[in-house]
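Shown below is the structure under consideration.
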Amino acid sequence: MVYLACSYIPYEIPLAAGMSAARGIFEGPLSAMEGYLPRDFCPYARAFIRQYGDNDVVAVAESCDAMRRVYDVLKYWNLARCAYFVDVPRTYDPEAVSFYAEELRGFASKLLDSVPLPCDSFPERLELAIKGMNRIRRELSGVFDLVSERQLLATKATQLAISINQLLACFPSLPDPSDSGFSPKHSSASGMFDNLIEEIKELINQALSEPAHLRQRRSGIPVGVSGTCLLDLSLIECIENAGLDVVFIDSCLPSRTYAFYVDNETTSDPFYALAEAYLRKMPCPRMFRGKERIRRLHELASDYDAQGLIYFAPKFCDQAYYDFIEIKHGLKSLGSLPVLFLEGQYGVGRAGQTLTRIAAFREMLEGTQILKAGKQQ
Amino acid sequence: MTPGGIKTRKSHGEIAGETRRIRIIQALSRKNWVHNVAELVINRMERQGWKPYQIDAIRCFADDFRHGYLKEKPCIFTSAFVPNELIYGLGGVPFLPEAASGFAASFGFALESLTACESLWYSPDLCSFHRAGVGASVLKLAPKPAAVVVSSQLCDGGKRSLFQISQYHDCPFYILDVPYTHSALALDRLAKQIEEAAIGLERDVPDLSRGHIDKAFANSNVARNCYLDLCKLRTNTPSPWRGSEALNYVVLFLWAWGSPWLAKFYQSLRDHAEDIIKSGDYPVPNEQFRLAWLNLRPYYSPKLFNYLEDTHQVSVAFEEFSYMYWDPLDAGDPYMSLAKKIMANPGWGPIERRLDVIDKIVREFSIDGVVQFAQWGCRQYNGAASILSDYLRKKGVPFLNLDGDGVDVRNSGEAQSITRLGAFQELLESQKIKNSR
Amino acid sequence: MRADSYVVGIDVGSSATKGVLLLDGQLVSTFMLPTGTDLNATAGECIEHLLQSEGLTEKDLMYIVSTGYGRAQVEAADRTITEITCHGRGAKALAPRAGLVIDIGGQDSKVIRLDEDGMVADFVMNDKCAAGTGRFLEVMADRLETSLMDFGRMWRAAKKPAQISSTCTVFAESEVISLLSGGMAPCAIIRGLCDAVADRLLGMVHRVGLAPDVVMTGGVSKNAGVRLSLEKKLALKVTVPDLSQFAGAYGGAIIGYELARREYAQGGLR
């Protein structure tokens, strides 16, 4: 099993290497591991520090100062069978894409060193994995379309995304194309993705078959949620319980994990296709892509009629602290979208202070709406 | 404009932190006569017997500040670890807001800068070197940048805060996205980025031209040679130079590579260290212990170092930030040469690189103990504390992770820090007794 | 809605519970008591006092709005509203020109900017621990063996403030000890402490945007020292209404009165 530490590391590569892979999602830092990183470190980074199983490997990206140190700690103290480092560029330009394609090729080759898989079968397996992941991403995008259409609570959709991540963690190894009877066009490997997609669809259907009052939103004020990493579900739950309708989430899980497509048709190099798609997606706060984040957040807010944005920063997450400043001022210049800043640790949504802030934000938005309505009359 | 890109909210004609004295400094720093007077004052200081290296350092900054504030040369803001040979080589002058934060703290202006920054939603949990840098820029304590160049090393705050400064001033921004892992491809990518930045700067900023690169490289190489001589002298026991002072001049080490003044400064300093060794007139005469100092220091107060150097005769023999890590530059292949310099930074890359350097410092400078100044908000360095502690413990070198803040006095408990340093000194003492048995 | 419609706003804060009784939208009575461990019981006691003071019974009450950190515990409340909205409304009612409200309570501080209609336009709350709150000042007052009510007098007696850099309770306490042992006069230390709290508030004020008419509410508003430091730092007069401690409860009661009227008009209320 490969634990991925960042939404910029493609699931496709470990899956193609015959390893199950999932984004590392945890319930919080382990008290037994407290000494490895200082307490003024982002809770996600601290939660990532744990003693992994004998067969587990971790893939950490060059996400931020904290995650670089996570990599060092995991490696120095031998907390996983192996710790890989994926050097993700901060820019999206042809040079960066080429560089990242090579980095991914290197990552794949390191993974392949540790698995008994013939290297020559890897390209076909990678192609299958890309197709399979594209289908999974499409399914998840459909789920979040329902959130935007206010047909499904964001809490439920996020829970689904987490469940799908868990399914990927249990995904059995792809069969080896060198096995007799393997055919990429109609192979059991592709069949395994079919099974996975079926399971995902079943999960989605289950969620949608719940009574409407449990899965659908109330008619609250629509808001968006943004940040680096939401840590857990409690914040989204708290926002929805406070009577606000979450219509989009811009965070590494779920949206930055599923809301894109890898185009493997227009290039002969699957690593280039992966690099291009992963770097092109909605930029995360660590990226340097001018004002694109602000522009795209503004578009999301306009498309879904969001009346406000709730920005969440995991405590001590520098990327989020800086990103928020750009978002707060940038959105204001594009039309005064009110932004609420929240920060916290795991379980932030259960803190009384969080609820007070969100409720006050709702009251503020309600006040603005009443006033607007009054002025229109 | 705020760093996010819109108009700064002004109330009653002020932004937060814009006190009367700040307005006076804003105005004075941009007056020609003030810089002329500063020159006279420096001449007088020289006549009054200030040490030549001190005068050279002051002149180095005075020169760059004059060019920057009076717009005599394009002022390019850079983050720490951008090779400023590039800026001098283009005929500009660099300005490092992070390093200038140290100045602001030592001259007592940091709180205003921090207040300005916090009023723009900067979290107090961010590193104060970056917050004060943004604040100084917003308060116009810093000159106006013609462009901003950052490298992605070492920390997130450096590059992001400077990006926001570029937004605030609406000026061109260039990022050198430094690969983390070493390979020929990584070097190529970085060299190309440096070249593109140079071409972009030449294109976007009037009066910049790549015609000065040879000179800047030559200056840098001469300074490097003198600096290596100085480092050799600093291995002497007792230490010929106060570590507290060396940590002040780290600002120059980050700032002035490529400037003609840096070579002069290191020459003078080398001569000074030689004189000290010859005369035996050491700054910490009864040196009991020698420390290696990691990361920076509090710039608003000398108390910690007075306590170490004067009360307990403990020298800071060498600093991590003073470690010379690059090879001589090659003007024949300037961008690749600068790329190699950047990639050689031991703070960038897996922790083993940093541990190797610390190990070298411990051996070369006969170090008895290592102190890491755990700057509040510095994830880059503080995150390695557990590893450093274990690594050094296994080597039998005592290690102290000293919480504090180099710029924001509000985050610092000086009394607690002194207690910890006292305990550390006692630990070194007991170790010495144990070893002597 | 009847002319004798009584409405209560109740603000369950971390240190004190405050209640305000309105009759037909007009303030009739106030009451304050320390918040006990049973928040609902404390709120009940407060309501009981308000009713008794006017010879009323529960049946006379049309509507109860609860606010403050214990607002969700008040079982009798018809509606809970956050202290941000309530302090904004209350301050506007107590000082009609209010554009900016600084509320410093026992465990948190908040700055609320009001728009021209008196609605909350933006707000910010302190981000961590007791730094710069009423609790911080209490700890310091204990250390200096003085009372919070004396802060104003001592502030004025200080020729210049002592330099206190931190609002972290632990760091500031050690700074105070070291200043005392260095012979610094307590009044200078108190002025320094008030300045440190004001400095911290200054950053929050500028985040939401300074407006000319600043009103201070909450328990610490009665501490003249902090007000004087704030006035100096902001170069503005800071208004402290007589009922500043009741601003949250008063705002809650006003909103309750409006809600009651709306519901009554829609036929949903007795």
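Order as written gives the chain letters A, B and C; numbering starts at 1 within each chain.
The criterion applied here is as follows: contacts are C-beta pairs under 8 Å (C-beta built on N, C-alpha and C of every residue); 3 or more make two chains touch, one makes a residue touch a chain.
Because the structure is a prediction, the values reported are computed rather than measured.
Which of the two pairs, A-C or B-C, is linked by more C-beta contacts?
So, comparing the two chain pairs, more contacts are at B-C.
Let me spell it out: compute each chain's centre from its C-alpha atoms, then which one is farthest from subunit C's centre?
Here the answer is chain B, farthest from subunit C.
How many angstrom between the C-alpha centroids of subunit B and subunit A?
36
Between subunit A and subunit C, what's the gap in Å when you average each chain's C-alpha atoms?
So the centre of subunit A lies 41 Å away from the centre of subunit C.
Per the centroid of Cα atoms for each chain, what is the distance between subunit B and subunit C, given in Å?
One centre to the other, that is 45 Å.
Two or more other chains touching the same residue: where does that happen in subunit C?
As it turns out, subunit C has residues touching two or more other chains at 127.
Using the touch definition from the top, which residues of subunit A touch two or more other chains?
343, in rising order.
Going by the touch rule set out above, which residues of subunit B reach two or more other chains?
120-121, 123
Where on subunit C is subunit B touching in the complex?
127, 165-168, 170-171, 174-175, 178, 199, 202-203, 205-207, 209-212, 235-236
Residue numbers of subunit C touching subunit A in their complex, please.
Going through subunit C, the ones touching subunit A are 69, 81-85, 108, 117, 119-123, 125, 127.
Within their complex, state which residues of subunit A touch subunit C.
338, 343, 352-353, 356-357, 359-360, 363-364, 367-368, 371
What residues of subunit B sit close enough to touch subunit C in their complex?
Listed in rising order, the residues are 9, 11-12, 15-16, 111, 115, 118-121, 123-124, 409-413, 415-416.
In their complex, what parts of subunit B are in touch with subunit A?
Listed in rising order, the residues of subunit B that touch subunit A are 2-6, 120-123, 125-127, 152, 155-157, 159-161, 163-164, 167, 175, 177, 179-181, 185-186, 189, 192-193, 350-351, 374, 376-377, 379-380, 382-387, 390.
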